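What follows is a pair of complexes built around chain A, which joins chain B in one and chain C in the other.
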Partner chain A sequence: MRDAVVIGAGFSGLVTAIRLAKAGRTVTLLTKGIGGIQLGQGTIDIFGYNPDRVTDPLAAVDAITDGGHPYAHFSGTEVAAAVRYLAELLPDVFVGDPARNVLLPTAVGALRPTALVPTSMAAGEVTDGKKYLIVGLARLKDFYPGLVAENLGRTPLPGGGSVTARAVTVDFVAREGEADSTGLNHARALDDPDNRRKLVALVKPHLAEGEVVGLPAVLGIHDTAAWTDIQTQLGVPVFEIPLPPPGVPGMRINEALTRLAKDAGVRVIVGNRVVDHAADGTTLTGVVVNSAGSKTGHAAKAVVIATGGFESGNLHMDSYGTVTEKTFGLPLANAEAPLVHGDYWGADQPLFKVGVAVDDAMRVVGSDGAPVFGNLYAAGGILAGATRWREKSGEGIALASAVRAADSILGEAR
Partner chain B sequence: MTIEHTHEHEQLMRASLDHCVKCTICETQCPVAAVTPLFPGPKFVGPQAERYRHGLSVDHSIDYCSSCGTCTLVCPQGVHIAELNSLARGAMKQQNNMPFRDQIISRTTLMGAVMTPVAPVANWALGVKPIRVIAEKVIGLHRNAPMPTAHTQTLQGWVKRRGASAPAKPGSRGKIIYFHGCAANYFELETGQKTIEVLEHLGYEVIVPKQGCCGLPLQSNGLFDAARKYVRKLVADLRTGGKDIPIVSASTSCGSMLKREAEEILGVADPELADVGGRMVDIMELLLKLHDEGTLPEDFAPMDVTLPYHPPCQLKSHGIGVPATEVLELIPGVKIKESGVACCGMAGTYGIKKEKYDVAMAVGKPLFDMVLETNKELALCDSETCRWQIETATGVRTVHPITIIHKAYGLS
Partner chain C sequence: MRKLEADVVVIGGGSTGAGVVRDVAMRGFKAVLVDRVDLAQGTSGRFHGLLHSGGRYVVSDPHSATECAEENEILKRIQADAIEPTGGYFVATPTDDPEYGDRFKTGAEATGVPVNEVSIAELLRREPRVNPKATRAFETLDGSVDGWQLVWGAAHSAEQYGAKILTYHRVTKIERQGDTVSAVICTDDKTGETVQIGCSFVLNCAAAWGGQVAAMADCHGVEVVPGAGIMIAMNHRLVNTPVNRLTYPADGDIIVPVHTVSIIGTTDQKAEDPDRLQISYEEVQQMMDCGEQLVPGFRQSRALHAWAGARPLVKDSRVSATDTRHMSRGMSIIDHSERDGLKGLLTIAGGKLTTYRLMAKKVVDAMCEQLGEQRECRTADEVVPGSEKHTFYSVSHRLHDREEDRLSEQILCECELLTKKMFTDLQDEQPLATFDDLRRQLRLGMGPCQGGFCSVRATGVSHDRGKIDIERATGLLRLFLRNRWIGLWPILNGDQVRQTALDDWIFEGTLDIGHLPQPAEEVLR
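Showing the complex of A and B:
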């Protein structure tokens, strides 16, 4: 019998598991595959739009009036504490203040608000009068420096002001004989100091006074010194711009958190879905995974569902428009039709707000507000009530709910 | 020539393609694509290329897939990428004529049966460079690739003749069937002997039915019909050990064949296979289960040592996590350093092929470095060919984790 089984290996699953294990609990983390962290940008978004661009995400959390939104369960201070908990787990990875959004250039040259950013992205913060040199790599087809520079240059900044930006492309050979190397293979190449010297030699002739250098986010994958080494050699501030998935900054965070979970004693079991559960009345006694050959039971005192929603397939909509939760068949909030409307560029699709409702302890509740199981908690993308991609609220919700779910379990075990 | 999807399970494998959201998580974790442009990656040759196959093989790059299964393991959407790629590779090989080499190296029982009676000669021949150079030129076995060491006795022979070393009375925990696989029978008797002795020490009465090869090497080389015959024969062999008795294996890849691959790749839907697969348990999985239940004797002799341990790809595909790490760390003083590396490069018979050898060594390099940094005397790994690969590449003796448990129980 484990103290807790956590299902899912994104931010919410890993952080819940780590927090419980560090408090001395026995934890098994079950995950169908690798979690979604590397599909994100590597930044910690708390609240970017509500619906207008947010400058203080914690104030926006406190101002939430929709009782069905995940943030309705938290104060801004609590969200900040959860975000800081992650930052403390991964020292030297993030910089920033949960109470202040910064604007970072995206790979299409738009401005994206986010709260905590990897140290390798910090120099990209958009401020009035900044001068950018955006460097493209000829063999990396997911990044067009001209697009980034032109869009940055023509965008008025909120509150006034503007930046200037120009683009160059250098032919950096990530892998000999390849005209089209992936972002990840570029990052692997830049783990090698020799290759970093070659890249620096290609970029250096293009530098001009007072510019910061933006490169695609491929500056090393395992060597944490890669970005600082390139910056030191170039002698100017250098920052990374995240690419479409698979995102190297997310991979770095995912690997670090997964290692941390294992080091904390979490039993990590990858590769199989949870297909069943056992319960004694309204108390879950364990879950069942379809491991090879036979199903394996994992008995536990508490279960945390941190599977994510539609992205992972745990929320599923059939051809009749009916949405189901695939792991436990839990009751869903906001699941009434119509969930999809035909105006593609119009209002948010209602679909994205489908999920499980929870009480303040993060216990999954039914429409009557009563817990479905007394010891089943939810965290992250499975929670109902937020359109994360538009709000830019995914990581903040994941971390706040993960910390709360873990603390609820720890509190009850006391 | 067409790819025949005659089996219901093959259809199910193909249906899983629709779950691919092109997130490319598999591509980021593929150990082969990381080191060579010859293999474009599991999504590219799998969910992507499959749309163009229409029953025919469309390119040769799929031959560079090592079948390590990492892609299927890490897929968050449940796409059976590795299994689909195995099926497509089988069709490609049929279409392009199977090399003679692949026919030989995939018949492990034949190799063992031929080598055992002439073990000293066979071992001598495999150690002589000019002979290996000829073997490389003629049949394409790389001259530096690890080869198993033949013994003059088989594990089956040892079980029959051990006499006095067998326990005097039947154990208190009841019967357990031991599936040893070809490697323990012919090439690595020590692993088989120690597994049996640990099980007996725990109180099991160990039954070792006469048994053949699981067919995995045939399957990896695309010889599906022969593989089905082998695995069905093995299932029948193991069932002679008795009904409803748990079956334990210390060979992770052969165990995975019975638990999963024979059904998912070969489409064997026999209830007999499901019976055996459902009873199958890995030796370290069993020990961790006993520990969780509180019935594992933990009077281990302390050992002050840090050991590098590589959980092989085929173990990960069992969906049981990495039980050896937790079990070994029950021994006072033992610290396990997990490799954190997807694959050693060998992937069964992949790394011994002339054209794949360099790729396999590049795949394994981070693991070899990690082993050498951690302990120059001893390394651990659950799978046979991976052990041979690590040992040949690093010169560090590499054994099954059960060897350490055996010693900690004072059995050696």
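Showing the complex of A and C:
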């Protein structure tokens, strides 16, 4: 019997498991596959749009009036504490202030608000008068520096002002004889100091006075010194711009957090989907996984569901339009039709606000507000009420709910 | 104003118009084809992809059955690159009357459509996912055909004979001098320029839009009723060959494997406006139920995309009796000299993609007759450009090509194995094309991820090459994503929801495309 079973290996699952394990609890983390962190952009978003651009995400959390939003369970201070908890788990990885959004250029040149950013992205912060040199790599097809530079240059900054940006493409050979190398293979190549020297030699002739250099986020995967090495050699500030998945910055974070979980004593079991559960009345006694041809039980005093929503497949809409939660068959909030509309750039799709409702302890509750099981908690993308990719709120919600769920299990909740 | 001269102007760039302009040009007329949008953007690109063997009509429409059987053979000869000669099956599911099979067999013999009854064991060997409780099965020469490829092939052939193909040229007026057509006035919607094409004959091949075009020549009351049908593309090939229900033709009775997907069709609803076809929840459910009948487990398969097409059904009380000699089943030619006293204008509607060449022949024959000219049709004998080698389309052809160039070329669209070079080559030929225009010819964004990864690459590549400026690049990306959604949201379920969530994480989460500078006006073409 474990003190807790955590299902899911994204931010919410890993952080819940780590927090419980560090408090001395026995924890098993069960996951169907590699978690979703590497599908994201590697920044810690708290609240970017609501729906207008947010400058102080903590104030925006405090200002939430929609009781169905995940942030309705938290104060800004609590969200900040959760974000700082992650930052302390991964020292030297992130910089930033949870109370202040910065704008970072995206791989199409949009200005994206976020709160904490990997140190390798920090020099990209968009400020009035900044000059950018955006460098593309000819064999990397997910990054077009002209698109980034020209969109950056034509976008008025929210507080007034503008930036200038120009683009250059260099033919960096990530893998000999290959015209189409993935971001990950570029990153692997740049783990090698020799290759970094080659990249620097290609970029250096293009440098101009007073510019910061933006490169696609492929500056090393395992070697944490890769970015600083390139920056030092170029002698100018260098920053990474995240790409579509699989994203190298997310992979780095995923790797670091998974290692941390294991070091903290979490038993991480990958490739095991939870397919059933056992309960004694309204108390869960354990879950059952599909593993290598047989079903295996994992008994636990508490269970945290941190599977994510539709993107992981745990929320599922069938061909009749009925939405179900696949792991426990939990009651879902916001699941009434119509769930999808045809206005692509219009209002949020109701479908993506479907999820489980929770009480302040993050226990999953039914429509009557009563816990479905007294010891089942939820965290992260499975929570109803927010379109995270629009709000830029995914990591903030995941971390705040993870910390709260863990603290509830530890009996330390408010 | 730009001025052009031609003998004949063909209005409408669907299969009829493309077939007609090819035929006209091959008979030595100086021809121009205009379409208000891209080629085969209307009905000819919005069907299920079946190349008829004639089997479908052996009971309901014997004349069409024979025509289909003949044209099937001709098209395989002249347009192999657009066709996959899969063969097909007609299958009686447990709820179908097995005795219909006897009528089917008799009809096939009478119409010259080759069919062959096979055992259920043989059917299931070839088509393992078809309902194992089927009671009878016939094999046919059905195939699958890419409507865009077919139409572009005919258009390129016409160009070789000197025809001009003008897309995004919207007709605003058909002018007359006395009682004869004298010119077609268009607006080039890409540039805003007015274009006058002097001519002595106009062939109105605008199909479901034919009534609107005829009215521009002051010929009113040509009523073409759009009969709307929806189609749903399911991921992968659930069947290897077109599988029909062995029944009198009805809704949702066919699944066709086309490229990497299988398409189920279709419904039939009278629509008011061919530009505003709806895909209702009820129709989607009906198709899903029909799919289950033919292929159990259909509902659990991944639906990728849906679309609706408008069959052009002519309802015209003023068509005179003498016109019927030009009429084939399912097609009508309206001679406006008799109907409206205007010489040099024929309106054509109806017909099917499989018989497009034959239809074109009849139309051009009618025109020659009116002009008093005797010129022979040669379209059945000459291969169209791209099919010279008589190599049929094969679903694995791109995989084969990529094995050759996988180290030297970048792949823009992994779902459809489309390289950057294929994309840029076509963009060089058609520099004003939207990503959807290129998509129809290249299948950009038509696979499972529905543009999740390739749309931004297409934007970046186009902009990088200096083909389009940053406003247009960003606008075209917005347009492409919006248009993909039109076909996604009505059928969104299962794994495609998961894909959509991932795509939204990319577009909005990581890239924040929605907050790029908004265009003053959305780019639409």
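Everything below uses one rule, namely that the second predicted complex is superposed on the first by the 411 of 414 C-alpha atoms of A that agree within 3 Å, B and C clash if a C-alpha of one lies under 4 Å from a C-alpha of the other, contacts with A are read in each partner's own complex, and residues count from 1 in each chain.
Going forward, contacts are C-beta pairs under 8 Å (C-beta built on N, C-alpha and C of every residue); 3 or more make two chains touch, one makes a residue touch a chain.
What you are looking at is a predicted structure, and each value in this text was computed from that prediction instead of being measured.
Novice: Should chain B and chain C be called a clash or a fit once both complexes are overlaid on chain A?
Specialist: Aligned on chain A, chain C fits beside chain B.
Novice: Does the superposition put A:A81 against chain B (first), chain C (second), both, or neither?
Specialist: Once the two structures are laid over each other on A, A:A81 reaches no partner at all.
Novice: After lining up the shared chain so the two structures overlap, which partner does A:G394 touch, if you call chain B first and chain C second: first, second, both or neither?
Specialist: A:G394 sits against chain C, while chain B stays out of touch.
Novice: Give one of first, second, both or neither to describe whether A:V270 is in contact with chain B, with chain C, with both, or with none.
Specialist: It touches chain B, and chain C stays clear.
Novice: Classify the contacts of A:A23 with the two partner chains as first (chain B alone), second (chain C alone), both, or neither.
Specialist: neither
Novice: Going by the contact rule stated at the top, is it chain B or chain C that touches a larger number of residues on chain A?
Specialist: The larger set of chain A residues in touch belongs to C.
Novice: Could you say whether A:P242 touches chain B, chain C, both of them, or neither, answering first, second, both or neither?
Specialist: In the superposition, A:P242 contacts chain C only.
Novice: If you stack the two complexes on chain A, which partner ends up touching A:V95: first (chain B), second (chain C), both, or neither?
Specialist: Neither partner.
Novice: Go through the superposed model and pick first if A:L39 touches only chain B, second if only chain C, both, or neither.
Specialist: Both: A:L39 reaches chain B and chain C.
Novice: Quick one: is A:G177 in contact with chain B, with chain C, with both, or with neither? Answer first, second, both or neither.
Specialist: In the superposition, A:G177 contacts both chain B and chain C.
Novice: After the superposition on A, what does A:W345 contact: first (chain B), second (chain C), both or neither?
Specialist: Touch status of A:W345: second partner only.
Novice: Rounded to the nearest angstrom, what is the minimum C-alpha distance from chain B to chain C in the superposition?
Specialist: Checking C-alpha atoms only, chain B sits 5 Å from chain C at its nearest point.
Novice: Let me check the overlay on chain A: which residues of chain A are in contact with chain B and also with chain C?
Specialist: 39, 177-178, 245, 311-313
Novice: Quick check on the complex: what are the chain B residues that touch chain A?
Specialist: 19, 21, 23-25, 27-29, 34, 37, 72-78, 256, 258-260, 277-280, 316-322, 326, 338, 340
Novice: Contact residues on chain C for chain A in the complex?
Specialist: Residues in contact with chain A: 281, 285, 288, 299-300, 303, 406-412, 420, 452-453, 456-457, 459-461, 463-464, 470, 473-474, 477-478, 481-482, 485-486, 489-490, 492-495, 497-498, 500-502, 504-517.
Novice: In their shared complex, at which residues does chain A touch chain C?
Specialist: Counting only chain A, the residues touching chain C are 39-41, 49, 53, 106-112, 139, 141-144, 146-147, 150-151, 154-156, 169, 177-180, 242-245, 247, 309-313, 316-321, 340-342, 344-345, 351-352, 388-390, 392, 394.
Novice: Show me the residue ranges of chain A that touch chain B in the complex, using the header's touch definition.
Specialist: 28, 31-36, 38-39, 175, 177-178, 182, 184-185, 188, 245-246, 251, 259, 262, 267-273, 289-294, 296, 311-313
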